[in-house]
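Several structures are given next for inspection.
One chain, chain A, appears in both complexes that follow, with chain B as partner in the first and chain C in the second.
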Partner chain A sequence: MTFFLQALSSGLALGTVYALLALGFVIIYRATDVLSFSQPALMVFGAYWTVYFATVIGWNFWVALVLAAVIGAAVGWLVERVLLRPLVGRPPFSAVMVTIGLDIVLRVITDDLLGISQRTVGDPFGLQVVNWGGVTIPRSNIATVLGAILVISLLLVFYRTTKFGLAMRAAAFDQEAAMAQGIPVGRMYGLAWALAGSMAAIAGTFISMGNSSLSRSTWVFALRALPVIVLGGLDSIRGAIVGGLLIGVIERMVGAYQPGTAPWLGAGFEQVVPYIVMVIVLLVKPYGLFGTREVTRV
Partner chain B sequence: MLDVRNLEVVYEDVILVLKGLSLQVPDGDIVALLGPNGAGKTTVLRALTGLLDVHHGEITRGEVTFDGERISDREAHHIVAGGIAQVMEGRRVFAELTVEENLRAGAYTGRTDGSTDRVFDLFPVLADRRKSTAGYLSGGEQQMLAIGRALMADPRLLLLDEPSLGLAPQLVEQIRDLIVEINAQGTAVLLVEQNAAMALSIASHGYVLETGKIVLDKSAEELLADEDMQEFYLGVQAGGGRRSFRDVKHYRRRKRWLS
Partner chain C sequence: MARPRMIGDHGQAMALVRTPTKAFWLTALLLVAFSAPIWMSNGLLFLLIAGLAYVVGAIGLNLVTGFAGQLSLGHAFFLAVGAYTATFISSESTGTTVGLGIPEILVWLPAAGIVAGLAGLLVGPIATRLKGLYLAIVTLGLVFVGDHVLREWSSLTGGVGFGRAAPDPTLLGIDLARTGPILGIEVARSALLYWFSLVVAIVLTILALNLVRSRIGRAFQAVRDRDVAAEVMGIDLTRTKLIAFTVSSAYAGLAGAMFAMRLETIEATQFNLLLSFLFIAMILVGGISSIPGAIVGALLIATLPSMAGPISDVVTPIFDVLAFWRGDAGFPLDTFQLEQLLYGSLLITFVLLEPRGLMGLWLRIRNYWRAFPFSY
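And then the complex of A and B:
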């Protein structure tokens, strides 16, 4: 039981980070119909600034995290404004290509900033654990779950109650009708990218806390959020959250039990679990668990 | 006052749809824009509100001014902020949002404090259903919501694209009365309709548009008395004749108007 609970807690922590990453993809997709392949690089790039402010300059970790989120937002906004806005009205395919190119460019820049070493993000948790009735849980995992809950709640409140959140939902539903109400749809695209950029920075920081660290290879991690959005549905906020948690937990459960029960599947089998879950779900529900839109292009 | 001069609109760089169209909507008036399917009525509204881009259309000649200011090259949200709101063809309510959220979306430009009082006074049924998802409203209620949403921008000029389309006669009458009331509150109205009888019963002036050109431009009274008008637009309404028949005759007669 202890073993199970430990796997569950680490799965939830992983899952909330997947959810944050998936939300970035979904926010952009809902707003612009473009699947952004630059989220992985935005994640590492954004998280680098936590490293920079917290360990290079030496500011408080949470301050550094907030600044990184702000920089992530600014970069996301800039990318939309400069690279993608001119492509509005063209087939989404060209925009997707731009996001792939951007991912490569950002990665080159980030690799340069990071160097080849593992960089700690300067979080205050280190290897500390709490012990709840025999279940030991890393403090960083608890912080990740609470932090993600906070961020996701803020996002939902933003969508539900603010003028801009409402305008984004309206524009996502019917772009022309939104324009006819006086909603500047282009600005909503920029806002979507800004939100996604900051979520990526936060996710990248969270995943590098505790006994992890930020390095060039953290990039790969964000690719595992792709199965999450396919699982949850490309345009579903709820799907990103549920899908993220589901895949995080399944992945860690498999990681915990598979070596003992099915060793013949080999070491590191958990890494492919997200993709296996994705394929199974797609066979049953082609638009994902909560998706509505038909995915025709890319 | 809205002033449209010699407007020429082209889609996809080659499809000429409006061919030098001029019309005016004086402050506080109701003006009707009539015409058969495909005449270009919706295109006129798109040109007025900066929505041609979305349809790969472009104004190639002429200009639109509102109170003397040129608006034909402004973006949609600036035009709404400048006091022109529209109810699009087919209602286009945000079906996933609630009635209240639709109205709030209409108030985006912030010309008002976002109060829903005026809309709920005009459309009490919307007040009762403010928390309902707009997609579940009936056709008539959705049309009221679409009008209410446009009013949230507190327009000085309201453009309506076939508000009676697909509604039962009783509802058409109700919508007509509401348009009169909105107008009486000081909002000028450009009413695009195929239902000429309805539109002319409340308009002070009317234009008839056929294949991108204004073929009749008269006061509502004169139009109601006009022989061609009676035969091809008003007679059909009363007699309920089929469109195909009308279109054939229409074509023959149109040539005479144009020559």
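And then the complex of A and C:
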């Protein structure tokens, strides 16, 4: 039972990070109909700045995290303005290709910034654990869950209740109608990318806290958020959160039980589980759990 | 009076070589291509052999993504299937790896295509249920699952970090990898391998050109442009998508085998997402939904490593500035990173400025000069 709860707790921590990342994808997709493949690079690039401010300059970790989120937002905004704005009105396919190219280029730059060593993000938790009824939980996991809940709630409040959130939703729903109401649709696209960029930076930092670290291979985490959004539906915020938690828990459960029960599946099998879950769900529900069905018109 | 250069019927309009000018330049190009081992350096020829494998793979990806409009990020997976089928058939069993030990290229090359095509046929049904970006993500998942399988299946791949000997190309008893002068003429190393790859690439190019000019090819394009309209016109969507996936995967399998045969060893981790991205870059830089475009793009991307040196001189100082705070700053980017930097930037530049790629650029230049000095 303890073993189970331990896997569950670490799964939930991972799941909230996936949810954060997935929300970034979903916000961009809802606003612009583009799936951003540059999220992995933005994540590592953003988290790098936490490393820089917290460990190289030596500022407080939380200050560093906020600064990294701001830089992430700035980069996201810049990317939209420079690379994606010219593509508005062209098929989404082109924009997707640009995000792939950006991911490749930005990742080379980030790899060079990071160097080949593992870098700690300078979080105050280190390897500390708390013990709740026999279940040991790393403090960094608790911080991750609380932090992610805070960020996601802020985002939802922003998206659901503020004027900007309303404008973003209107722009996502119908560009022309939104423009006719005086909403600067282009600026809303920039805002969506900025939000996604900052969430990627925060997620990248969270995932490198505790006993893990930031390195050149951290980016694959963000790619595992892709099954999450497909599972939840590309355009569903609820789907991103539910899918994130689901995939996080399943991944850690498999990681805990598969080596004992099915060793023939090989080491590191839990890392491909998200993709397998995704394929199975898609075969049954082609638009994910909460995704909007595409209406076909002749 | 007969007008010999007037296109009078459909057959002439769809001919592969329509004008004497085209025939002339095509012949010249083929002469240059076939004589390459005589005047080209060993290193460049070696890159070109990879380039020919890329050509085949890029044509395959262009069939499914460019013509049929199904964005596939899973190309690396099918390349892996082809490469390992070839290796399995051609290599002998050793203590750690299994193999059939049939080095005859006429056996393992078609087999690689067929097995990869069957794999495409298996994945196809998923693809026919999904649309657009959902499909892209599922095929991306395929690469990761395939990568995991290859890492774990060490009796086939030799295991991570070890790899196994790549297939040995033997054509009707002649070792294609042998060196030395041929018929008394001094040629570059692995000239035979190059000629063989060239012939295979040409044959597959003609097959692809015929496919896209046929009923099936037009069905591909109808599905890409508007799938609902295509369905209404009586095109079987499932069947068309399945054909596109199968043919494309078969091409990828052949490309994987051709890519593997020039290497000493192949390793399981080569077939990752970056390889898929590389192929996407090829067709976008060359020209989407254009077979010549795929060829040009593949050859350009394949020869990028030869430009790595000069680019490195420019890029390294900039990167040193970026990594100012790090103690270990100053080591140059490796060739692989430079290559990534180059094709990533090329990809962005072309999509933003010339969405039809090098082919679009060429069409614009040609149309400008065709009517020179009049603008139209």
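One rule holds for everything that comes next: the second predicted complex is superposed on the first by the 292 of 298 C-alpha atoms of A that agree within 3 Å, B and C clash if a C-alpha of one lies under 4 Å from a C-alpha of the other, contacts with A are read in each partner's own complex, and residues count from 1 in each chain.
In the analysis below, contacts are C-beta pairs under 8 Å (C-beta built on N, C-alpha and C of every residue); 3 or more make two chains touch, one makes a residue touch a chain.
Quick caveat: nothing in here was measured; it's all calculated off a predicted structure.
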Evaluate whether chain B and chain C can sit on chain A together after superposition, giving fit or clash.
fit
If touched residues of chain A are counted for chain B and for chain C, the larger one
C
Figure out whether A:L283 sits in contact with chain B (first) or chain C (second), or with both, or with neither.
second
For A:G182 in the superposed arrangement: first (chain B), second (chain C), both or neither?
first
Please indicate which partner A:Q271 is in contact with in the superposed arrangement: first for chain B, second for chain C, both, or neither.
second
If you stack the two complexes on chain A, which partner ends up touching A:F173: first (chain B), second (chain C), both, or neither?
first
Following superposition on chain A: angle at chain A, chain B versus chain C, Cα, nearest 10°
90
After superposing the two complexes, the shortest C-alpha distance between chain B and chain C, in Å, is 17
Can you pull the chain A residues that chain B and chain C both touch?
none
Which of the residues in chain A end up touching chain B in this complex?
89, 163, 166-167, 169-170, 173-184
Which chain C residues qualify as touching chain A in the complex?
71, 126, 129-134, 136-138, 140-142, 144-145, 147-148, 151-152, 228-229, 232, 273-274, 277, 280-281, 284, 319, 322-323, 325-326, 328-329, 333, 337, 340-341, 343-348, 351-352, 355
Mind pulling up the chain B residues that touch chain A in the complex?
49-51, 53-54, 56, 75-77, 79-81, 85-86, 88, 92-97, 101-102, 104-106, 108-109, 149-150, 153
Hey, which residues of chain A end up touching chain C in the complex?
35, 52, 56, 83, 86-87, 90, 92-94, 96-98, 100-105, 107-109, 111-113, 115-117, 223, 226-227, 229-230, 234, 265-269, 271-272, 274-276, 278-279, 282-283, 286-288, 294, 296-298
